[in-house]
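Quick heads-up: structures coming right below.
Same chain, two partners: chain A is paired with chain B first, then with chain C.
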Partner chain A sequence: MRAMTLAAFPRALTIFVTASAVLAPLSLIFYQSFLSAPFFDARKTAGLGAYAFIFADSDFWDASLNSALIATAMVVIAVPLGAMLAFVMERTDLPGKRWIEPLILVPSFVSPMVLAFGYVVSAGPVGFYTVWATEFFGGAPWGIYSLTAIGVIAGLTHVPNVYVYASAALKSLGSDVEEAARVAGASPFRVATTVSLPLITPALLFSAVLVFFLGFELFGLPLVLGDPEGHLVLSTYLYKLTNKLGTPSYHLMAAVAICIVAVTFPLVLLQRYLLQNTRKYATIKGKAGRMRELPLRAWKWVAGALIGAWLFVGVIVPLSGIALRAFVSNWGYGAKLSEVLTLEHFQSVWEEPTLVRAIWNTILIGTIGGAIAVACYTAIGFSTHRRNDGWSRFVDYLVLVPRAVPGLLAGLAFLWVFLFFPPLTPLRTTIFSMWLAYTVVWLAYGMRLISSSLLQVSSELEEAGRSAGASRGRVSRDITLPLLRHGLLASWLLVFMIFEREYSTGVYLLAPGTEVIGAELVSLWQGGAIDVVAALSLINVVLVGIGLALALRFGVRLRD
Partner chain B sequence: MHARLLAVTFAAITFAAFAQTPPAGYPADYAQTIAAANKEGKVVIYSALDTKAAQPLIKDFQALYPGVKVEYNDMNSTEMYSRFIAEVASGQGSADVMWSSAMDLQIKLVDDGQALTYASPEAAKLPAWAVYRNQAYGTTYEPAVFIYNKRLVAADEVPQDHAAFAKLIATKADKFKGKVTTYDIEKSGVGFMFVVQDTKYFPGMKELEKGFGATSYRVYASTGNMLEKVSSGEHLLGYNVLGSYALVRAKKDPALGVVLPKDYTLVLSRVMFIGKQAKNPNAAKLWTDYILSQRGQTQIGGAVELFSIRSDVDAEYTSASLAKQLGANIRPIPLSPDIIYLDKKRTDFLSEWKATLQAGAAGK
Partner chain C sequence: MAELTVEDLHLAYGTNPILKGVSLTLDRGEVVSLLGPSGSGKTTLLRAVAGLETPNAGRIRIGDKAVFDGAAKVDVPAEGRNLGLVFQSYALWPHKTVFDNVAYGLRLRKVSGTDIRTRVSAALDQLSLLHLRERFPHQLSGGQQQRVALARALVYNPPVILLDEPLSNLDAKLREEARAWLRELIVELQLSALCVTHDQGESLAMSDRILLLNEGRIEQQGTPQEMYGNPATLFAADFMGSNNRLPGRVTEIRDGAARLEGEGYALWGRARHGVVSGKDGTAMIRLERIRLATGPGDNRLEASLTTSMYLGDKWEHLFHVGESRLRAYGTEPLAAGTHWLEVPREDLWVF
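Right, the complex of A and B next:
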């Protein structure tokens, strides 16, 4: 319903609203970075002092280096693993593929904050698995607080991001060339590395850039895992600046944000360029549809074991840790499981009105908020659908902008907008502020969902409508939109899960009335209320799980 | 038990509702303040103390003044500060009462002219260092303590004073490598303040800092994290932990031990002031006076499990009970501009601190 009225809105208004929502916060950050004090402070002066300060701060350079190292490690780990995984899932006769697929995607739907916390309680120095390993083998050969560990964990949890692009590319590729190689006697591994994967190089390049860029935005993992040994990355350095001078140093934070955007925005543009290239490659692909599965034979065990090991490390270890920690009162060496079991943490969540509100808000923002967000994305989608003018290109680039801004900063900028833009001020302490920030931060993701659905609508029906004399709005409303129904439902479920998972955007917007689980987790973790963090994390995982189950039930493809 | 509690509450409500007379010893015109506060109908509080922990105070205040609704918002102290200045600058109105453990930020706000001048009738009952220009008041008396893991640290190892702490981590550097924790003073205002005071009172502070460097100590932004990590055995010793939280957890956590340092114990006092642009100034006065009153302080030393700053209070956690244990060796942090280390002064202190740590790590 909502989508229909929005679709009927004049196109100019849609574009104007989108542009303001995207550009206002960003320009505020830009402006703030050239001041000496908060922009609302009467004592501020303009200048480059903020940049001078951070460039002179050794922490900034450490953090930049760490960010680059972690991002590189993520590419090195996630791209080969994701590509092989896609090959095995798309091309071979591995048994149990149907239930492995949703499991593969789990890490991309669980909040990184929750995952990181899960690793601390599972595999930290006194984590459950560490204690068990020490009891059985006399020691545990891993540590999770080093830079290497953060890179490895981040790499493993980003495998799904590569997997979805690689497998989509493989799907559209005929298998005749592979069969030829197979007939000539190549092993499945050889087929993968010399035939299939080279054919999808553009998709792999694209996902490599994506993962590298996500590495620069990483916040939850380094916040939790980098803390004990003091490893900073750019986003946690930025967060630390909140207090480094004793009072919040917005100008410094803004300057760091601009530095991050200076790295990520070119990457986003590069991605866009690669994506167009991918489509060009599409012309030389083999014929799709005649797919025959490669028999794995003995390789089955190797592939199965690798996937199993990855799932164990990436999904089971952290999630089981959370589940266990939520039900024990204290842990570590010398704590006996049978003596420490308790339901107290859930009780304290239940007794705390703000946390109960956080749970409700999180559900609301995912269901109703998600639906409205999809409606907005659809409206924007229609504003460029089958039009190839300057405005369409403008919107194409516009929706990419928020991707480059880390959620943490986008949230801060939205806080300023809500504080100082009078028409919005009454809404600041309502969940609307959180929703607007979420919707803008995930604009690019949402638009990709919508435009891929729109692409599936063939143009003949729309043209028929136009020839019969219907206006553009009428065609959108009566022809395109009804045809989109399934795509919209799928988008809604995916947006639901993404909104349940989001955490960094809400950190600065958190206020009485706007509580959401993700942001509460960051705040509670900083405050050290670990018991409650565990319980809330588990609740969050369950919410995402419900979304996932529904998505599977309705046959939604869990990827864009 | 429940029935009795209910009866008492009920009696308090009816009493308060029908007789809005000022508490004993208050000026006669206080009745007008109460009437005005009832008209305002609510008080908005920003506080660094959890809502859950503050619940007994809120309930008791509500029983005393049923006409004033308490809107209590907990957040961390930095966030409180930034939200307050942004809201005041935007002209939207902010908290009526600011209540935070970041004493330096609170004093800074007062010095910046953000506080309402109000001579509380309870002020005379407070120590002189806890009253600042009749604008800000110290409300609690929370010691900085050492914590240790009882399962993994032998009883004869437990350090009883600052010198012993420094000596222990210097002589048993292997055992304590990566197992000593304290505040991240770059992230935590409270931790920073404690260390500044330490450099004043503890001549061996430089050696201790070097010891931190040598054992590659671990730092966190809050007491909760330190308690968790020491309790689980990931770390063994904690330095400058907020004692109010540590003692409460130690009561039910068999792994956690707490030491009040014998040479001197720093004491932090949560600072409260009324916003100059408060929309509900009268209700804010009632709340402030209540917190400083014997009745409010009894809650603070009892159910809230912080330490009451007034000595004329009969409760489990009071300044008097601390004085009994520590004698004259208590060093409260005064409400004064001297505790403000911001901008350059702060970064200078931090770089010196870091240099000492690195010297320690390098074994110098």
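Right, the complex of A and C next:
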């Protein structure tokens, strides 16, 4: 019996640490929201004053409405486009699919902050494309600072989120149902809209909820694009609260945070429910036969043109803008590209020690931090692997919790944790604080990677180890872990990219010692340092690109 | 001496009972088959013995050591039971070579390096696998993988070896060869083996004793000859062999024999337990026991030939008697029309 309690110890420790890391920050936000002043203020009293204040603030209601409008627009734009894109990529003979696929996923790997900035320098009032269009055609019929524009851009950049789920569902669908429709006389477009896509309704429904949820998390895009015309969404309202009162209004921020979580948490639970349904649906269909591609013939021009247009607007415009802006000293009407080329922005990055540290820290947090995060996720994965008890179900739900807390709030909550618990305070100005916040924010994502790798290990391989005489721990070490190797490497690369891309979590944790590129971008953008932002953005894109190239080189599946 | 004893084992998944009180013993050097249709609980029983499923009640003893006792709250984990288990899928570890797969159990038992080499080599040699020892599982054929799985389970000399559908992953022709080879190996090494199978032919050929499971209970147990030649229940008779069934009414019972009358026939057969005169009954006879006759006689019936199928070594004839179908083997093709069939009294069972 003693041996058994000893063997259970690492598991208990893993669950305890995970629960603390997940629940402590959230409880602190909750607690803070019912105080009248910051929790470290001696004059604080308990009450609902914070909620009363924000509910009386018309800006709060404007921001809520804007969040809902943008989230709805994103669903309306991203779901149909993502679904059609998935159909074309998965089921038709469109040429060049192999190299289009990674391009489609690019927007989901580039920081939204960088993308938003890219749109400003490309399509803003004096952006590259605006200037070129005005010079050629005498005018550029677009603006990017209106609420509509923010909704459209957010919708277009979230197409990949729909695409990955729709294409996974289409993969599990036999091609015979499509061939039957073809034989009955349907064109490829009819096949898609009347047969294939209706059959994957559960997956589309799930991605619609996901995109709607992501709409409420949106921070970088509305921060950059909403500023000129003063459009606020919930997250930017929270961010600007600090400036509003001039004093640290932690209780108000906490109240807004709780309001956001009150919207996002039910959405996360709904996603979980729908996802289980999707899986059920997929297994009922059983094994798809050999997949045959639908010949597009003349339709391929239509499909190709649509994909090309989307890639141009969603990927090429923002990224080319950043790449150009990083190398020009200034830009506007009348500027000649050949005369303004320069490397001085990179030089100023290089001469600024905090920025060099930011780059260095970002690389560290992605590589070493990513590896440690994957190790933590693996430990949590093992604590529930092949165990169907109450603790496993608890961990299952526990890892979902951070998913409902947008990075901006999580960063804020961790800042408070480090201030609240004196033993942790010295770590506050080390990169550890940033790493901890990143690891918890991406817990659900990481756990999905790990558990899908764990599922690939057949239970019989482990049972064979048990009956050969190996204890549970020994089986994990000698059999499960070695078989997981490729999955862990893949997870590490994906977590690396995610950590390079992350920006909102670091906003409140940014301090001398914890600089990372993502958070620096937000802070520099607020300060108006466009040139440096352009150079740093490009460096950030290059870092993510290296991860992407490695992932493609090692054949890592970029989606689950 | 009993190497393995299972007493009154109960196991349920939630509210769904899988095993409803199963008992069995396995003596040293004996091969016992657990036979039954899918869902009968045979694999669950094997896994419970291995320690991979936790029963709700009952006792399991290996030798004189209790490894599970529901009442005394004893539950030795799988790794503490020292059994050899061969999985249906073989479950060879893909990241280990053949040698390392087989050596793993010895390494866990802290056997010294040189001993491991000699013992693994001996085990591999015995199964003619020695030349493959550096290969990985994916480089082996199905038959070779099966032998590696067996070597892996045998190498540390477990008192009992458990086999879960050991032959079902092999193709039909290989399966018959492997069956003979496995039986030979078990006898040669004097292994005590518990073997799960759903194939009655395999269980007849491989085992010293058969336990027939039906819906979580043991329907009948006995030697292969008893199981095939003297089934106690309709289920047992029907599960083994290829059979003809004739429905009818029991009209008379005398000296352990029962007379069954149906549309177009009245036959005497051996009365099985529970047969009552005046009630409906079912007569059952193995295909190979029906003989073609030249004319009317004792326990014969007249049937019209529907068609004949050529099987290579014999013919299978299809007859109709009233609403019932009868199948019988013959050495010659038959002319169309009606024929007389003899149903020997001692080979016909009435349930």
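Convention: the second predicted complex is superposed on the first by the 547 of 560 C-alpha atoms of A that agree within 3 Å, B and C clash if a C-alpha of one lies under 4 Å from a C-alpha of the other, contacts with A are read in each partner's own complex, and residues count from 1 in each chain.
Keep this in mind: a contact is a pair of C-beta atoms (placed from the backbone, for glycine too) under 8 Å apart; a residue touches a chain by one contact, two chains touch by 3 or more.
All values reported here derive from a predicted model rather than from experimental measurement.
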**Prompt:** If chain A is used to align the two complexes, do chain B and chain C fit next to each other or clash?
**Reply:** fit
**Message:** For A:55 in the superposed arrangement: first (chain B), second (chain C), both or neither?
**Reply:** neither
**Request:** Rounded to a multiple of 10, tell me what angle the C-alpha centres of chain B and chain C make at the one for chain A, in degrees.
**Result:** 160
**Request:** Look at A:530 in the shared chain and tell me whether it touches chain B only, chain C only, both, or neither; answer first, second, both or neither.
**Result:** first
**Message:** For A:474, using the defined touch cut-off, is the partner it touches chain B, chain C, both, or neither? Pick first, second, both or neither.
**Reply:** second
**Message:** On the A-aligned overlay, A:483 touches which partner chain: chain B = first, chain C = second, or both, or neither?
**Reply:** second
**Request:** Considering only the touch criterion stated at the top, classify A:228 as touching first (chain B), second (chain C), both, or neither.
**Result:** first
**Asked** Of the partners chain B and chain C, which touch A:465 in the superposed model: first, second, both, neither?
**Response** second
**Prompt:** Which of the two, chain B or chain C, is in touch with more residues of chain A?
**Reply:** B
**Complete:** In whole Å, chain B and chain C in the superposition are separated at their closest C-alpha atoms by 51
**Request:** Share the list of chain A residues that count as touching for chain B in one structure and for chain C in the other.
**Result:** none
**Asked** Any idea which chain C residues touch chain A in the complex?
**Response** 50-52, 77-85, 87-89, 91-95, 104-105, 108-109, 152-153, 156, 162
**Asked** What part of chain B is in contact with chain A in the complex they form?
**Response** 50-52, 71, 73-76, 78, 81-83, 85-87, 89-90, 92, 104-105, 108, 151-152, 184, 186-189, 192, 216, 218-229, 231-234, 252-253, 255, 340-343, 346-347, 350
**Message:** Which stretch or stretches of chain A touch chain B in the complex?
**Reply:** 38, 40-41, 124-126, 227-230, 240, 242-248, 329-335, 348, 351-354, 415-416, 419-420, 425, 510-512, 523, 525-530
**Complete:** In their shared complex, chain C is touched by residues of chain A numbered 458, 460-461, 463-472, 474, 478-479, 482-483, 485
